[in-house]
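One structure follows; several queries about it will come next.
Each chain gets a letter, A, B, C, D and E, in the order it is written, and its residues are counted from 1.
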Amino acid sequence: MSFLTETLAWLVDPANWVGAGGIPTRLAQHLLFTLVTLLVAALIAVPTGFLIGHTGRGRGLAVALSGAFRAIPTLGLLTLVALWVGIGLNAPYVALTVLAIPPILAGAYTGFEAIDRKIIDAARAVGMSEAQIVLKVELPLGLPLLIGGLRSATLQVVATATLAAYIANFGLGRYLFEGLRIRDYGEMLGGSILVILLAIVLEGVFALVQKLVVPRGVTAGLPIDIRDGSSRSRPVMESTIEEGNSHVHSE
Amino acid sequence: ASGDPLAEPSSSAGGSTIVVGSQAYYSNEIIAEIYSQALEAGGFTVDRQFQIGQREVYLPDIEAGKIDVFPEYTGSLLQALDKAAVGGTSDATYAELQTALPDDLRVLDQADASDQNSWTVTADFASKYDLTDIASLTNVTEPITVGGNSELETRPYGPTALKDKYGISIAGFVPVEDSGGPLTVKALVDGDIQLANIYTADPNIKTNNLVALSDPDGLFFPDNVVPVVSQKIDDSAAAILNKVSAALTADTLVDLNAQSKNDQLSADKIATAWLTKAKLI
Amino acid sequence: MIEFHSVTKRFPDGTLAVDDFSLVLPSHKTTVLVGTSGSGKTTLLRMINRMVDPTSGSIEIDGADIGTLEPVKLRRGIGYVMQNSGLLPHRRVIDNVATVPMLRGMAKKKARDEALALLDTVGLDRLLANRYPSQLSGGQQQRVGVARGLAVNPNILLMDEPFGAVDPIVRAELQQELLRLQRELGKTVVFVTHDIDEAFLLGDQVVILRTGGKVAQVGSPAEILANPIDEFVATFVGADRGKRSLHLENHGDGDIVVDETGRLAGVLVGSGPSASPSTVSSESKAGPRGPGASAQGGDSR
Amino acid sequence: MIEFHSVTKRFPDGTLAVDDFSLVLPSHKTTVLVGTSGSGKTTLLRMINRMVDPTSGSIEIDGADIGTLEPVKLRRGIGYVMQNSGLLPHRRVIDNVATVPMLRGMAKKKARDEALALLDTVGLDRLLANRYPSQLSGGQQQRVGVARGLAVNPNILLMDEPFGAVDPIVRAELQQELLRLQRELGKTVVFVTHDIDEAFLLGDQVVILRTGGKVAQVGSPAEILANPIDEFVATFVGADRGKRSLHLENHGDGDIVVDETGRLAGVLVGSGPSASPSTVSSESKAGPRGPGASAQGGDSR
Amino acid sequence: MTWIWSNLDLIWDRTFDHLILSVPSIILSFLIALPFGWLAHRYRASRAVILTTVGVLYAIPSLPLFIVLPFIVGTSIRSPLNLIIALTLYGVALMVRVVADGLGSVDRDVQQSATAVGFSGWTSFWQVELPLAGPVLLAGLRVVAVSTVSLATVGAVIGAQSLGSLFTDGFQRGIQAEIIAGILATVLLALALDAVLVLIGRLLMPWTRRSAIGVVARPGAVARQEVTT
């Protein structure tokens, strides 16, 4: 198991922690790339998902499309777009945004759908306008699932953003490719471990955020009559989050 | 090495079937296909195991005797086998490679065709700064960004060597993991990079009006095409492969590659056409 | 006063939910719509606050055609209580009650103060104000629902099977609570149920609907009970099953009232129409068009 | 005969669900456990088929301590019907009914034939046999649940709020159906409900439980109704709210029976204990310890 | 696009290679996830451990995993087995959670009633809990299938033949049609496998096909299933 010691040696080598190719720089690049990708994907997927969830229309199409999106191999998309737009971060941004959209979209619209229709109905009946229903009822109640979708998208993007290094001097993926090419497994595994650590940290952040934003009333309390609706949808919520997690990180 | 996990206990298929391998590289596959068809015409049965990745993936299999014939490039293979190799002329490299190979492997005759690394620029760039050979890059007054596979950055002929050996100032390095393929060429043409490592047999050099700077000092190892073979290759098979190598000239290889890239023909069609024309089958 | 003029509702999928329905719902009275599942009760109710718009016909509130009013504004002036309370699970009880006043622009502080007072009105402990709906029992939730419906002090209160999901004991409590509230507040209540007992208890006017949104009979409870207009109504009120046909049995401990199915209805305590104080309210309830509910005596409790 | 001897159940989390409970449940009779939520009804019921084991005390069936019996085998010999029917949603109606006989090793063909016959017994159309439970109405599902409970021809039938989830009209139907079945089959039925009306209608013996698994009163419906032992029972049976205190009012159309809350109970049709044929069954039900239920006349329908 | 028509044989061969890699992985991940998912569902204590492990597994970039795996399990880096193991790992990572959630989604009333009528623990698991978790399991399996097919393309980078080979080859030769063909074939293959799973689900779970008389039986389960279509 010499590769383990090699990996450790690479990780603690001070030379790898400084300069333009150093771990802090690449880590920051990776993180930034991930965040931008998620932001773009969210800007596309969240409003779309909410629209679908709110109106109940176009759902079949969205479901079919995000299924197909999920099947698109990131490696293929990356190489194809790269041939069109050239080197740099453009192609990875496109490919990874496509990767991130399905889980976020699923999170957004299932989040809306999982809300008990009666609650929305009651909100309308007491005189909330459509905008108020979206902002004050559907958004807070759909948030846990939406965040679940974002969370799984983040996991995938972090792992798959290593691909950006295929055509750009960028991110933690550089260690993977370089290590692979020069058969330096310590570097390659070290890079992988950094990616995993980053993913775990982001997971933690999300877990925290999820805890903060989940409306208290949705989790608190005893399972009495009324809660049936919401308590029943709990397991559903949990698992739709997971279904968002179609770990398609093709490299 | 016993510690190398990539190695696997040898268990050759046995029998009279010859296993021909190729890199996951289109040009290499064409050569492998030529070998295969030539061997088949000579009465051998061939098992094609093409597109099996980069050298780090297939080399252990060759060393383990699981592949009988593999098209290789003298300089690159030498460097892979022996990090301290000195290289030199084409013949010197070939001779050094023969000694560097493990006992039960050998190389047959090398072809005239070579597909070696080169420092390449666009024709416009070349004429603007009057570039002919690598050393003349010192003429360039604008920042030079270099593009190529990851490993290039640390290779003895890489950006560092350019700086140390010739005093050329390099502004940056951009990895493009397509081994000097279309993306690298596009980056060069688009001006995203100014200097690229592109294989000399790449038809893109011609198509895109690029200039491969000459290398009078032997910065790069020569990379003549050569079949690496196992013990299973007897004299008659070796004779067939040597005949192929004899016919395989530098221009031929560029032409074959062009058929693949520009005409989008498949490797077997290209191979059959060439072998027929060269009267080898 | 709410008037339905030849109202018909056909849903886009072709379902004829309400068919040529005309009725006057008097102010300050409780009108109960009762009928089996799918008879169009909810649809009728929701047409009053424009959650559903009629396909043809018109609805007037105090003479104004609601078709010309802005739905959101209209709804903010009408109380609405539904089964399972429909409370917002992510807001505390107090904020649920204060929701609509705040939507209408009332200051948060004031809205909350009024909401607290409303908790008293519906008989809820103020200590529950800071809980989330899921932390309340079904009956408590329903009370919050009523408080929310009352929050804007509406003239009209729409209630769609508000007590459908709570157990019979709590249900009985809530019904009494509603009777008390109605005596105090005198709203125009439109109440939907499929429990005929509940309808008879709460309704000044009871509307029995057949499947397909057709009116089978309209009248006071006593009228309907005494003179079911047809077989359907008789079946519906349970007259045919003997549930309404009571007789006395003596067990030594007193006269026990039993129906034809063998169900024990209770013990006979009085026999004259004014033998107990309760008859005051009973009579006015059972009688055809008694005085306004708000004028009924509260002494029966 | 089922006997509880000083049975106590404390759950691992410390909840004392049943506290020193002793009772004899006579064979071929219906014993109804009634009480508010959390009073330990379900826990008591489940101790009979060892879904729950008592912390202390013992339970005997026909003299045998069930603590010594193998639970799975015991359960296969006791019918069990629960709210929401508890049918297996992935099996057709017929297979749901045939499940237990097949678990006990009966051949598929035979089990299905018997299951079909049981559908007749519970008044279900055989055409429904090949449907899935979700394709039935709530009332139909409940009937299938009863059929399944009867499938092994058990002496004992445990029913945990079997009619809790169906609407009042269907519920009344199912109650009558159960009375009919019980007249025909004479099982030892243990029935849990929180509806006191239902308890009085169905029970030969009614057990009123307080929260915490304490017995408040045991007796026949008439005994309890006439002599509630304490305030709690009086409240529970509705005597205090006047629900059980009926009086007559005359509206010209006949004597209308009204309770103190103003609820119309029905129309008086007879006044003597044997004025109508229905009194035969009513009397035997209401009387303290009437003859075995199976011996009751079926002519009242 | 003429490239596609003149290379249908090649596309077909790669599709077949792709199936050889992905189908066993999908099946294996389901089988392996079952016991772990059951454990996570059954024992609170194991749940956290199992699900966290699975979560970390999830975050491993696939390229290094493909390369490191032979170090650990001792297969040849070029062996399809290596890739199948890696794909299975990812599948398991996804599926364990689904199994746990699926078993958790089974109506407690139904379970209780099964116990009450005399199902023993083991019989109840196979005849009641597992089939009733079926819709959730199917939904998860469909996601696993689609992602496995997509992920298998990465094998091309390390020389495992698959539809991904069309990307690397097309990339080197600058033939866009080849890459597009690879993407299309991958998506179609994924959707085809998905359709097969749906079909199998229909056959094995006939009770989910016809919904209740008026009521939509379980909106949650339906939505959940459709998320993954």
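The rule is short, and it goes like this: contacts are C-beta pairs under 8 Å (C-beta built on N, C-alpha and C of every residue); 3 or more make two chains touch, one makes a residue touch a chain.
Only a predicted model underlies this, so the values are computations on that prediction, with no experimental measurement involved.
**Q** Hop distance check: chain B to chain D, minimum number of steps through touching chains?
**A** Counted as steps through touching chains, the separation is 2.
**Q** Among the other chains, which touch chain B and chain E together?
**A** Chains in contact with chain B as well as chain E: A.
**Q** Which chain has its C-alpha centroid farthest away from the centroid of chain A?
**A** Between chain A and the rest, the longest centre separation is with D.
**Q** Average the CA atoms of each chain to get its centre, and name the chain whose centre is farthest from that of chain E.
**A** C
**Q** Give the chain pair, either A-B or A-E, that is connected by more C-beta contacts.
**A** A-E
**Q** For chain D and chain E, let me know how many angstrom lie between their CA-based centres, rounded off.
**A** 48
**Q** How many angstrom lie between the CA centroids of chain B and chain C, rounded to a whole number?
**A** A distance of 87 Å separates the two centres.
**Q** Could you tell me the distance, in whole angstrom, between the mean C-alpha positions of chain C and chain E?
**A** 52
**Q** Residues of chain A touching 2+ other chains?
**A** 3, 82-83, 180
**Q** Two or more other chains touching the same residue: where does that happen in chain B?
**A** 5, 54, 178, 182-183
**Q** Could you check chain C for residues that touch two or more other chains and list them?
**A** none
**Q** Each pair of chains that touch: what are they?
**A** Pairs flagged as touching, ordered by label: A-B, A-C, A-E, B-E, C-D, D-E.
**Q** Can you list the chain D residues touching chain E in their complex?
**A** Listed in rising order, the residues of chain D that touch chain E are 46, 49, 51, 72-73, 75-76, 80, 82-91, 99-100, 103-104, 132, 134-137, 148, 158.
**Q** For the complex, which residues does chain B have touching chain E?
**A** So the residues of chain B in touch with chain E come to 5-6, 8, 24-26, 51-54, 57-58, 60-61, 178-179, 181-183, 204, 260-261, 264, 266.
**Q** Name, in rising order, each residue of chain E that touches chain D in their complex.
**A** 107, 109-110, 112-120, 123, 128, 131-132, 134, 205-207, 210-213, 215, 217
**Q** Chain A touches which residues of chain B in the complex?
**A** Within the complex, chain B contacts chain A at residues 3, 5, 54, 56, 147, 149-151, 153-154, 172-178, 182-184, 186-187, 190, 192-193.
**Q** So in the complex, the part of chain A that touches chain E is made up of which residues?
**A** On the chain A side, the touching residues are 1, 3, 59, 63-64, 67-68, 70-77, 79-80, 82-83, 106, 110, 113-114, 155, 158-160, 162, 173, 176, 180, 185, 188-189, 191-192, 195-196, 199-200, 203, 232-233, 235-236, 238-240, 242-251.
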